[in-house]
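Presented sequentially are two complexes of chain A, the first with chain B as partner and the second with chain C.
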Partner chain A sequence: MHHVDPNVDVNLKINNIPVTVKGGTTIVEAASKVGIKIPTLCHHPDLPVRATCRICVVEVKGQKRFKTACNTMVEEGNEIYTNTKAVREARKTILELILADHPMDCLKCIRNTNCELQDLANEYNIKEIPFTPTAEVLPIEANNPSIVRDMSKCIKCGRCVEACQAVQDVYAINTANRSHEFTITTAYGKDLSESTCTYCGQCIAVCPVGALYEKDDTGRVWEALDNKELHVVVQTAPAIRVALGEAFGMDPGSVTTGKMVAALRRLGFDKVFDTNFTADLTIIEEGNELLQRITEGGTLPMMTSCSPGWINYIEKFYPELLPNVSSCKSPQQMFGALAKTFYAEKSGISAANIFSVSIMPCTAKKYECTRPEMNSSGYQDVDVVLTTRELARMIEEAGINFNNLAEEEYDAPFGLSSGAAVIFGASGGVMEAALRTVYEVVTGEVLQDVEFTAVRGYTGIREAEVDLAGTKVRIAVTSSLKNAKTLMEQIKKGESNYHFIEIMACPGGCIGGGGQPFRATAAIKANRAAGVYEIDSSQELRQSHKNPSITEIYEQFLEKPLGHKSHELLHTHYTPRKI
Partner chain B sequence: MCKQLTEKDVCEIIASHQASKEKLLSILLDIQDASGQNCIVEEWARVVSAELDLPLTKIYDVITFYEMLSEKPRGKNIIEICKSTPCHFIKGVNIVNIFEEELCIKMGETTPDNLFTLQYTSCVGACDIAPVAKIGDEVYGNLSKDKIVDIIKSYREAAICQK
Partner chain C sequence: MSKIKQVLSVNFGKIQPDSVEEYVKAGGYEALKKAFSMEPVAIINEVKAAKLLGRGGAAYPAGSKWEQLYEIQEFPKYIVCNADEGEPGTFKDKMLLEKDPLRVIEGMTIAGKVFNSHEGYIYIRGEYRKIQKVFQSALDNAEKAGYLGNNILGTDFSFKIHIMTGAGAYVCGENSALLNSTEGKVGRPRIKPPHLAEVGLFLMPTLVNNVESFANVPTIVLVGGDEYLSYGTPDSGGTKLVCLSGHAANRGVYEVPFGVTLRDIIFDEEIGGGVANGGKLKFYHLGGQSGPIGFPEQLDTAYCCKVMRNNGLSVGSGAVVVLDESVCIIDYLKSVTEFFIHESCGKCVPCREGNTQLQFILDKFSKGTATEADFALMKKLSTTMAKASFCGLGQAATTALDSCLKYRKAEFEAHLNKQCPAGVCFTNEEGGE
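On to the complex of A and B.
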């Protein structure tokens, strides 16, 4: 009898160790409670369970067949064995079968030393494969700026499909065919660029092997760094500093801002700047845009525009709602436009000789910087986007001992930023940052408590109402494209009464981006978010409009928010791209 | 060859099944039958996707899962050769070779006149007369080279009569 009531205690033994768990607990979860690790491969804690790889098989006393521990709920009185000879042999055979259909070119694989299949082969002491190799060399798909698919390496676990469908509701990829031809593909085998793909990279983030990865642009950056003619500047997104440390064995959420800046200098970047500066600038522009829309009867609700995966989504799925999207460029692209105009002027370096790199937690940013409209400086505003993982690889390649680096400071003039800017990295952060500024601008009063904790979090749709000098402003915040869809359907039906909506494509916001270090789970993302809020709360300056560098750039260059220059450099337009 | 299928035809087929998601297989079979190419090309799958509000990748998964459906153009007559165990043991592979020789195509290919496509199928439940091939609704058993030559001839003659 199944006890799926989460309030009922279930008593069982695993490898003769008694354990009590709540009803509805899986064998994998119960085992971890008593320190027993059951290997998993297709299973990911944040995704619906498929139980297709079978690596998690265990013996349950009294049952003839092995049970898959990832999707079998414990039952009262169960006696489960996870480490018998039969179990070990079965798991080994399963691994051998997977490996017989795998190229096993680990040394030149992007996931070498960071691959879940490689780990298991090591744990299960695989020395030879008794089966005839059947791995085929398939063409690698790399026709878009963001995501590479190497299906030769795919083990068909289906995690990417769950990320694309259950988490994002995008359905760019799915299973197809069956038996030995079973594969994961777009409809009719088209390139991702011709599918509904938004380049969010959540498929990459959950891939256990080297079948999915970001388009590697490190070569282009090394080349630029070696080119003496070029002045190479770099910007770092808010969410990098709390995740980069994971690539060097630090705990998730470790704040590595100073070490990251030092590492970038050692790599040879001429100036190390902070995307946080243009996050503050975004708040000034977007906050003013919101007020203008509210007071002048503009299209509402206004929606944020920082997340390029989200922009790709709305262009493809809800083009009729594009007028609701803020015209503000993302902080990355605002930075790019200013680097080759304001900074070029100020530093006396020709924009033609400035090479602009950005470090992003995101694969969609790689696509964003190639958009033809992102050239308001007269050049491509951001030349190359690297993910957090690519930066980590460059640091490794350069032989920099990241953990022992002394902390360094960002360069002026794009180095100073507020706590409001850093929280852009977590879902709810843009909204909170906007409220911290808009409240004071509208009411003329000093905000006593700058923390709007109601909008923070990882799941669902968070709502709040803020009183701005008598005007009640209703806001909503969400992350993941599936949640975005819910909000879009409300707007289409005329059931949305919000003024301002923040949407991030990736669950949890940029801290959970598709370019972040591998093996992130909801728990790890929560630590990264905590890191972001820790930076914010430890800062004196916590509101964008109080950033003196922002005041300065308006005085020296931009003149006023939503002014002529702003429109030219900091705002953009969108294109319907219904697939 | 049937007349070229139009979007209106496809929509009519979908409407005849009340645009019901549950009738997806029947809708796809009808479209395939009317297609003149014995398949469901992307253009029509997109119409089904829009009308049934189902993601295109879901429809593609269904089309590629079932042997009876195809995403690629196929000949008028699909020769399906059983690859399940009883046919395998009775050397069904030999009859594949005979079909390939007689039709001058390889497994999975279509004859230049678009009359035949050769493909495998799972068990059709006629193991007592293995090795077996199925063409349309007809099942042909106890196959030998002579029988195969006669079968192919009969379909070719039927096609000439239809013209």
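On to the complex of A and C.
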């Protein structure tokens, strides 16, 4: 019998090269150890295997049929061949079969030059397709603010389904039908807007081709930038500065804040502001809300509210727990409200003429800004949300040589922020930022070590207990909606003894958002997170309440945390939307 | 000497199928009693000695399968009987379920005893609705008589059998798809490994055997593996139910010992009786749509899993579809491909796209628009599908094509010149172009 023991060494040969790996290693992984690349398409390292595209076939001596290298684990004594004539021919045939059913629209495709199928066609030297074209032109679905589905381009790899089901536990999409009709669809083929979809965009993030992408809003932004009547301001989310560089060939995690600011100025934005400023503000408001709930017997555990995919999820799946969600708007929406009130006042520009753009790692943010309640300035607070990928496209289109840009600084009054704000970009960051402030507010003592490393990380549910002047505050942090579900079930059963829970819809937090550069894996996301923490630790100012701009805005405008103005501009309410 | 041997079919038409009394009178449940006095390993050894090869199509040695499951020390274990019988031209499981269900039940119960399993499932093809009733009645009667349910034969061993029913998809007969379907999931095949013996029904160790495989078990226990083996050939023990259809003169199910020839099966007066209406045999399709095609020059091949396999043929499910000279090979292969297009679950590329493309090429042959290059294209498609498909369906979809390309390339070539030897193709454009 075939048993997999990760503690046992397995010796084998790949293309006659000896290699020793641990039990449970797949052929793809073992091959990469000796510098052999095996193509994959339906396989994504962060998702359960499907083994359905069959592009990764290899020969294993003694086996009549090919084995798929993505899911087959090596066995002692294996002799594996990855580059025989038979293997090359089979892979090429499989690729030709996929391409026969594909529109091959590369020149007008969102994934042109960044497509896994295109790469394979190039690597396997595809020059003509000997099969009959069967690709159908299907209507492009884009009846929602966040996500476009172009199923004509779908290669039926199923990665999106794994992301939506195994990672997010949302089941908005599934496979349907048999044979050539096999497809990916929502329940009853309805539009995503009528499904349980949370717009998290994790399906997009794993799609190897141009079948799923963000709704492109670059046109609206160009238009605003070209409109001389408009004063166009932009805010940048914490997580994009450590990922944007990937779109320009930099290593994941490269910190590009200064170049990004410079690029935005060159694109023509009148003011380049930082969402990090309102992240600091969120900490003040949310920290005070937490203390109020604890001391005044409010609903606990309190849960964070900055991830719009998560908000969509709880509105749809656990509406009965909405009272647990902090009433604080997300930093993006706080920014939007202040841009068209405080900033309008301060700069003497009418809110009607301010066009507010935000650059986010997130597709759900596009939906969030269109929520009807997000108009406390009297206008739509944030006009357009662009994803990191869209910003990269605009930079390219403008002919800006991103890598060579000299670094520039953000504009006042929303340019100054603390290290606590930037770590909002990684799972655990909001919690850590809140603790850095709440601890000092409650205890009146100076925090010696501002780093709460127990809440950092990528997987599972992390928990900790913090002593706040005798009150033990129990906290939990998680990312991914599947993990969120676990915590919600605990609360529903009355088994949750936490005071404060941070939840991000996307695995790893915003650094792994659905709007970030394509081809991210857990390893790449770890690099991005490292970038975020690197920015934090290199900063002098690491606590939100010590940000002088925050003190100033309370003095000049907001008066006090949870005050009347705050409630008007910085807090919101939620709507049960059970499907 | 008669080419027929009755082991499985002795009771057919002789007893009331769901009557335990009549079954017992005919010698039924003697094997179960004997099994209760044997060590599980001894029973497995008999099954091994019998060289019982799985009757569901793949001819996997039942003894090895049983041995593997026995070694796994995880409980509960489940016993599953595959009665999906989806291969076109196959209707022998139907016979067993309809005419002697208690033999199948007894076989499953013995397996239950061997593996100390307390629950069995039989997945019966949806179309066999009437049979489900007979089978349920046989189950109820067996339970009343103490041969099934709690405390079987007065011991502390209990075993129950549940009937599940399929939605008519061919791929549900694939054992892992069958388990998914039994669990109420979509009937698409699972990734293997893990093998079903390790992670089967409800993720527990599971035995899946075909109806006919289980039906052989009582005989093996009763007469012993060596005796059972001697009914057949040294490589394929026992007998086989064959299903004759198509242009066979005598269509129906016949029980033959392994070792008779294909000629015996198709032409023997007591069996196939030759081609109907005085027609001439052109080819025969073995083991269902997924099986190979044989030609008259191969008729003297012995019907034995190993000999057949060595000659590029196969026993498979036992189907023998006889086709006469009025049939065009291209046209026939198109119907086979149509079947696989319809039945592909659509999950993997070689099967989903491969069958579709194959049909385009065959269509070109039947329209006279194919070229020499299409031979190479069919070859590479067939190799890719056979060697790279996810499950047995796609892997076997081009078996018939391969036989025809190997032995009757001439008929394809004739079509390049718009000649159809059977006169099936090009009939609408006589003398055209």
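The rule we apply is simple: the second predicted complex is superposed on the first by the 577 of 579 C-alpha atoms of A that agree within 3 Å, B and C clash if a C-alpha of one lies under 4 Å from a C-alpha of the other, contacts with A are read in each partner's own complex, and residues count from 1 in each chain.
Throughout what follows, contacts are C-beta pairs under 8 Å (C-beta built on N, C-alpha and C of every residue); 3 or more make two chains touch, one makes a residue touch a chain.
These numbers were taken from a predicted model, which means no experiment stands behind them.
J.: Touch check for A:A142: first (chain B), second (chain C), both, or neither?
T.: In the superposed model, A:A142 contacts neither chain B nor chain C.
J.: Kindly classify A:A398 by the partners it touches after superposition: chain B alone (first), chain C alone (second), both, or neither?
T.: neither
J.: Between chain B (first) and chain C (second), which does A:I126 come into contact with in this model arrangement: first, second, both, or neither?
T.: The answer is neither, since A:I126 touches no partner chain.
J.: Please indicate which partner A:T52 is in contact with in the superposed arrangement: first for chain B, second for chain C, both, or neither.
T.: Once the two structures are laid over each other on A, A:T52 reaches chain C alone.
J.: Which partner chains sit in contact with A:M151 here, chain B, chain C, both or neither? Use first/second/both/neither.
T.: Neither partner.
J.: Figure out whether A:A187 sits in contact with chain B (first) or chain C (second), or with both, or with neither.
T.: first
J.: Considering only the touch criterion stated at the top, classify A:N177 as touching first (chain B), second (chain C), both, or neither.
T.: In the superposition, A:N177 touches chain B and chain C alike.
J.: Going by the contact rule stated at the top, is it chain B or chain C that touches a larger number of residues on chain A?
T.: Touching more residues of chain A than the other partner does is C.
J.: On chain A, which stretch or stretches are contacted by chain B in one complex as well as by chain C in the other?
T.: Looking at chain A, the two contact sets intersect at 175, 177-178.
J.: Which positions of chain A touch chain B when the two form their complex?
T.: Residues of chain A touching chain B: 165, 171-178, 185-188, 195-196.
J.: Quick check on the complex: what are the chain A residues that touch chain C?
T.: The contact residues of chain A facing chain C are 1-2, 49-55, 57, 64-66, 68, 71, 73, 86, 89-90, 93-94, 97-98, 100-101, 130-132, 134, 156, 158, 175, 177-182.
J.: Given the complex with chain A, which residues does chain C contribute to the contact?
T.: Chain C reaches chain A through residues 68, 71-72, 169, 186, 191, 193-195, 197-198, 341-350, 352-357, 360, 373, 377, 380-381, 383-384, 386-390, 395.
J.: Across the complex, what residues on chain B touch chain A?
T.: Residues 42, 45, 55-61, 64-65, 71 of chain B touch chain A in their complex.
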